Amino acid sequence: MQYQQILDTIKAESLIRSNTGEVASYIPELAKIDPDKFGMHLYCINSGHYGFGNEDERFSIQSISKVFSLTLAMTLLEDELFERVDVEPSGDPFNSLIQLEYENGIPRNPFINAGALVIADILVSAIENPKQKLLDFTRKITGNPTIDINPKVYDSEKKHSHRNASLLNLMKSFGNIKNDIETVLDLYIYQCSIEMSCRELATAFMIYANAGNTLSDNIQVISPRKIKRINAIMQTCGFYDEAGEFTFRVGLPGKSGVGGGIASIHPGQYAVTVWSPPLNVKGNSELGMYALERLTTLTGFSIF
Amino acid sequence: MQYQQILDTIKAESLIRSNTGEVASYIPELAKIDPDKFGMHLYCINSGHYGFGNEDERFSIQSISKVFSLTLAMTLLEDELFERVDVEPSGDPFNSLIQLEYENGIPRNPFINAGALVIADILVSAIENPKQKLLDFTRKITGNPTIDINPKVYDSEKKHSHRNASLLNLMKSFGNIKNDIETVLDLYIYQCSIEMSCRELATAFMIYANAGNTLSDNIQVISPRKIKRINAIMQTCGFYDEAGEFTFRVGLPGKSGVGGGIASIHPGQYAVTVWSPPLNVKGNSELGMYALERLTTLTGFSIF
Amino acid sequence: MQYQQILDTIKAESLIRSNTGEVASYIPELAKIDPDKFGMHLYCINSGHYGFGNEDERFSIQSISKVFSLTLAMTLLEDELFERVDVEPSGDPFNSLIQLEYENGIPRNPFINAGALVIADILVSAIENPKQKLLDFTRKITGNPTIDINPKVYDSEKKHSHRNASLLNLMKSFGNIKNDIETVLDLYIYQCSIEMSCRELATAFMIYANAGNTLSDNIQVISPRKIKRINAIMQTCGFYDEAGEFTFRVGLPGKSGVGGGIASIHPGQYAVTVWSPPLNVKGNSELGMYALERLTTLTGFSIF
Amino acid sequence: MQYQQILDTIKAESLIRSNTGEVASYIPELAKIDPDKFGMHLYCINSGHYGFGNEDERFSIQSISKVFSLTLAMTLLEDELFERVDVEPSGDPFNSLIQLEYENGIPRNPFINAGALVIADILVSAIENPKQKLLDFTRKITGNPTIDINPKVYDSEKKHSHRNASLLNLMKSFGNIKNDIETVLDLYIYQCSIEMSCRELATAFMIYANAGNTLSDNIQVISPRKIKRINAIMQTCGFYDEAGEFTFRVGLPGKSGVGGGIASIHPGQYAVTVWSPPLNVKGNSELGMYALERLTTLTGFSIF
């Protein structure tokens, strides 16, 4: 089958599926999203763009932004970064304080909230105006200067950030947060409120499929060695407590967000994104998981 | 560099490295192994065999056997197998009862001890004489009818199996063990006491690199779809509490054993095995981890 | 109010109360008990016996036997006993393996299952024919040679002991069980299947209220110092995960069993027992807890 | 022996004991205390005051203040208070976030930090100027208007309160903190920095031994029923992870603080306090524990 045929098949199959997920409700602004939004976009190194549905409508990328902040931090720092955050999968839910307490304030990986907060702290230490820099970085790898945050989501998350403030205070007590808690929390909330469409997100994720280079203008954003490491972390840690399931069923590195988006890549082949707001009990887009499983099944190949 | 050059480089680098690991001592028979044993074998789909050191000396494969028992079980059963064992990485040490208790007797994955014991229980239910059948299966994929267990290791483990008996009793209390505990434990200990050399193990692991086919006589042992799933589980769960680190540093699916062996594969490319008895604090061969990291660094490619 | 008036009041109040508890069902033989059984017996040092309801019907004392086995062990050993079992309350349910694993096989206290199994192991090491000896000890402090086990309960528990076998194997792997697992488990199940009435149990518990002496024939069974220590453990650990609640509401040392019995004492004053099979979610007799709370409220005094 | 003789004996025994504890160092101001300070004061309902050593030197009462804040809250509220904080012992260290996360933001008891912070939140909601009110309450039960905080300790703790801020944020995310985090934290730090001598503390604690009445001027501060409940909580939860050990060895309700103080009572008999800064590994005064154990051993009676 051709890629567009495969995507059409996935769309058709998905629309007749009963979806039992629920839209994230812990942030009021996210709870307002139409649960029927559904879009997918596939960007192949060799053959360009394919897609369907709401592929051009922007949504809140939420935790997918953790990949961008990690990437920016890795362009600035070498492996010393991994003395402050580990690369092991976490068996616990995404905002758990438990492992953090047992492991003396060193988060399990950069994609659980605690780890992303440490990355935010590293960015605050390393660069001036990290909010603007991170937004600029996202615009650069997307090749689109109009990417921006959603100010309503930003304000809404500001009011519901006690859990992350708890994580920051705990890590600060262990000495693993260096800057002012409010500043670090502000950067983290800012990055989570960035909005992108499936097409934009697939374009940005092309650097992970293309050895660190943007495809359109061929800029080397980060080294191939570092891209491999980021992909490895996405593989084992990209889906909270369901990373094994995603690896098992889909077989590609990827990262999900509670806005209902998933971005995934096949190194050397393509970047793919899907958006459907209802989440399964593990916090990942239910239809998005299904669509990506069908993609690797119908194409017949994954990284394994 | 050519493959043999790469292996020679790894050997040279490894020999001047100070090794801080310790040989597994919880089973007396394993504690007797010469810690200086060191061998590596690379078996490429396109270009055959490369190796060095004690590559032809047999050692106790221990937990690497869990890959073979899972594979045999998956040839007999479809996805209902995964109702009794999950595919998620475990943040806890390999014999932990904690997650098992929280999760009502469903092990996190088939490569922690609890999960491998459930697989053993499944084999006891599904086939007659499972010990012989599992040995035959191992001989078949290796193409070598002389593969066998080490009876001293088998006897030694029999006397030190209270931890596994504890896991079995706990899972039986949750209804997730169907057969007699002694029978299941016996099969498990039997499989762990199989001995193979690096060369033999690389030959056996070729089915995971070669879409389910043996390379020498091209027998389809298991479907490509199932092989992908086993590889995915090896990627996220193959190294106890260090699966993320292995994925991060090496970037290949693999499985380690406390005998000091590691078997790993690059799908479509090669199977590779290394043996060095001293283990790091996470229970994986210290030098083996290093050798495989150097392999993907020097060849310049992993699955990511 | 006089004691008998107080008991009559408790009976009247209890009978009009809606009871939401459920009879223990994990052992089939226990599940057969009539949930409406209800008896209470108060044995005062100064004024003798008071009671009502099914106070003379024997029931399975279950975990209340842990007090007798600990007492027998403490008559045989000094404080070295507490190197193998701690005296701290456990925040986890009564058969939890979690704390045991974190704390290297040393149970939190002698009244959780793991701790009682260590005490059973100590008795197996210390005396010949410990089953008979423990029964004899119970008969002696009760002054009643007809006390015996219920063989149906004994047989029924034998078939449902995987959880305790799991605990024993785990502790054996840590070196904290010295004898054969089957032998220790057999003693434990035997002691749990002892049957006594409220009157008999209050008579036996008089040694804890009366500084180690039986009241009828004034035999010093154990020293006052040791009785104080047992009472202290009953206070902090006698009610699984509800020890604080019992101390808070009732204010007396005591021990409950899943058969629906509770035995409690006021040092220097009385022993009191109550039996009502339906258990609350924490595994303690719901009506029994209420009756004892009313007793200390209506008498106006507890140990605090 | 007479009480003063007993105290003299304890003093003599204590001075020749080797003390392996360490002065609390997590707050710089506390770390400056002379480790050789040692005082004890016994205040008997029937026979007045006894003491020795630095019994009249004020020290930081720290967590002992949790008893006063709970008492004040219980004078203002009925049992609805215990919907927001439980009364069960905690198996974990005093500032653990783990149980709090498992138990949805309801602290195990009012004497772990999380529970004391909920009590502080309750006081902030219930009264105006809670800092002054709590200080006034302490002065009233002590009969001494000069009791005050140590401003250096107060300032020092302000700078080292990330762990408590983490607890507050976590509970706020569960809805169990109603007021501004800074305000609640400020009250908590304020109460911990109150300074009292052993004599003053024993005088204040007399209300717990004397059914809620001050002894000197016989003011009913709180009802006997509520005092019994506070004493019960002190018994099961007063010594962090060592409450069972204290109950076992000493057999009295009490509360310790990291400043090295312990206050304890025998209902109907006496209040007793001891101060020695070096703490054991569980965070309780090492010599204080010993002195109180000797007191109940030499007097020959405890509540059990």
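Points to keep in mind about this one:
We call the chains A, B, C and D, going by the order they appear; numbering starts again at 1 in every chain.
Note that in this section a residue touches a chain if its C-beta (ideal position, glycine included) is under 8 Å from a C-beta of that chain, and two chains touch if they have at least 3 such contacts.
Just so it is clear, the model here is predicted, and its values are computed rather than measured.
The set of chains in contact with chain B as well as chain C is empty.
Think of each touching pair as a link: the shortest run of links from chain B to chain D has 2 of them. Taking the mean of C-alpha positions as each chain's centre, the chain lying farthest from the centre of chain D is B.
With centres taken as mean Cα positions, chain D sits 32 Å from chain C. Centre-to-centre spacing of chain A and chain C amounts to 54 Å, using the average Cα coordinate of each chain.
As a whole-number value, the distance joining the C-alpha centres of chain A and chain D reads 47 Å. Shown are all chain pairs that touch, namely A-B, A-D, B-C, C-D.
The part of chain D that touches chain C in the complex is made up of residues 86-92, 99, 108-109, 227-229, 231-233, 235-237, 241-245, 247-248, 251, 253, 267, 302-304. Note for the complex: chain A touches chain D at residues 96-98, 101-102, 162-163, 165-170, 172-173.
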